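What follows is a pair of complexes built around chain A, which joins chain B in one and chain C in the other.
The block that comes next holds the complex of A and B.
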């Protein structure tokens, strides 16, 4: 499938954000730190997913909050996030070689005080 | 995952009024964790790590993965509290300094107080301030803390933990806490 040049970044960001919330281990998208990670459009902001185009390729950054479990493996979670993002990009006719940065910004903890 | 070293070598020395129990025992483990081994045991030959912005970064062919220091600190903090004999992480003294650093990173979250994280390349160094329950063997508890922090961080983040420096800043007396609790109820 040729790259869909008309694909708006906002549409893609919205689809990625929706898909990531279904990934096991992801609690929420994270808005980033000092610099907000988001994709902007008219009357709408998708926080936690930054999509921008650089020539023929897409540069995507996703920031998430992960759920702490005793069998947590963050690099594997990051790979699941990356492959989910890549799948969404492919489904929307994006280039197969998109650069996808994944950041685990925070963890939600198990109930405190039990230890 | 890299195994826990069979024996940890201690260097005990006085620094100010604290006895620092340190471990510098990761040369072998670092050699085992050659770039060919991915964090989850699968070979990922194209990966390399950098430490821009001070966070753990893993660069793959399709993009980089960042694990922020606050995440590393939280995992370390949980691992510390899991060990029996540890009362809590420090909030004052030498730990207070560490705590301030961690709090800046995490934005006021107390789960990683007493934990300072330094990440470089694929390695991490962890500084901890802890309080222990009176009566336990401090070297044994420190050893258990060190092993648990290393095991958890290596399994969960893929980082090779090069050193875990533990500062035991105070003792916890269970009877005192019970009495204080009693007094508070009276007031």
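The block that comes next holds the complex of A and C.
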């Protein structure tokens, strides 16, 4: 599929955000710290996913809250997030390459004595 | 914010500080425009501030002080150590970067500590830099428990959990134990 140059960042951010909530180990998207990580559009903000175009490629930053389990390995979780994001970009006709930053902002811990 | 924007903001803040400072010095009469401005153009811009009436002088001084403060705050915010130091970079390759917030590692270490019998309270602090993970933890231990046994159990548990979690070795793990409760801060959850 040829790269879709008319693809709005907001549409892509929305799709990435929706897909990431289904990734095992991701509890929620996180809005970042001092500088908000978000994609802005008319009347809408997608927090936790920052998407912008740089030439022929997309620069994507996603911030998530992870769910801690004893078998959680962050590099593996990050890889799932990256591949999901890349798949969404490809499905939307994005370029084959994209720079994807993944940040684990926080961790939800199970209650004491469990997990 | 990207690097270009940050450099731009630093330049704007510097310009604000220099301009406000120059106008303030001239308005207060501390320096003449001739002493401050190397070019005629700048001298022409500064010279009107030498003979202001009282009301305009007060306003100018107020605005200059406000502008100076804004410029200094912007400079401080931009030049302070990067927030990235609060993050540990796990992966950096041509596809992008994977980072984890340092606090989340500390929370995990503190939580794992609480699971060890004999620990009354614990507080972990994680220091990262150059890809290293150093954990410093303070423990309050039950008086009836064996300190060597508890610290060994905590060390093994924390090290195992953190290394599994972040997928890289803990460079240093330091445990400071005491029998009294920890003075302040949050308790182990």
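Methods note: the second predicted complex is superposed on the first by the 111 of 115 C-alpha atoms of A that agree within 3 Å, B and C clash if a C-alpha of one lies under 4 Å from a C-alpha of the other, contacts with A are read in each partner's own complex, and residues count from 1 in each chain.
In the analysis below, contacts are C-beta pairs under 8 Å (C-beta built on N, C-alpha and C of every residue); 3 or more make two chains touch, one makes a residue touch a chain.
All figures in this text were calculated on a predicted structure; none of them were measured in a lab.
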Clash or fit, chain B versus chain C on superposed chain A: clash
First, second, both or neither for A:68, with chain B first and chain C second: both
First (chain B), second (chain C), both or neither touched by A:104: both
Contacts of A:78 with chain B and chain C, given as first, second, both or neither: both
Which of chain B and chain C A:35 touches, first, second, both or neither: second
Doubly contacted residues of chain A, that is, touched by chain B and again by chain C: 33, 60, 66, 68, 72-76, 78, 82, 99-107, 109, 112
Touching residues (chain side chain C, partner chain A) in the complex: 1, 83, 86-87, 90-91, 95-101, 103-104, 107-108, 111, 114-115, 161, 164-167, 189
Chain B-touching residues of chain A, taken from the complex the two chains share: 33, 60, 66, 68, 72-76, 78-79, 82, 86, 97-107, 109-110, 112, 115
Residues on chain A engaged by chain C in the complex (per definition of touch): 33-35, 60, 66, 68, 70, 72-76, 78, 82, 99-107, 109, 112-113
Complex contacts: residues of chain B adjacent to chain A: 38-40, 58, 60, 62-68, 70-71, 74-75, 78, 81-82, 106, 111, 155-158
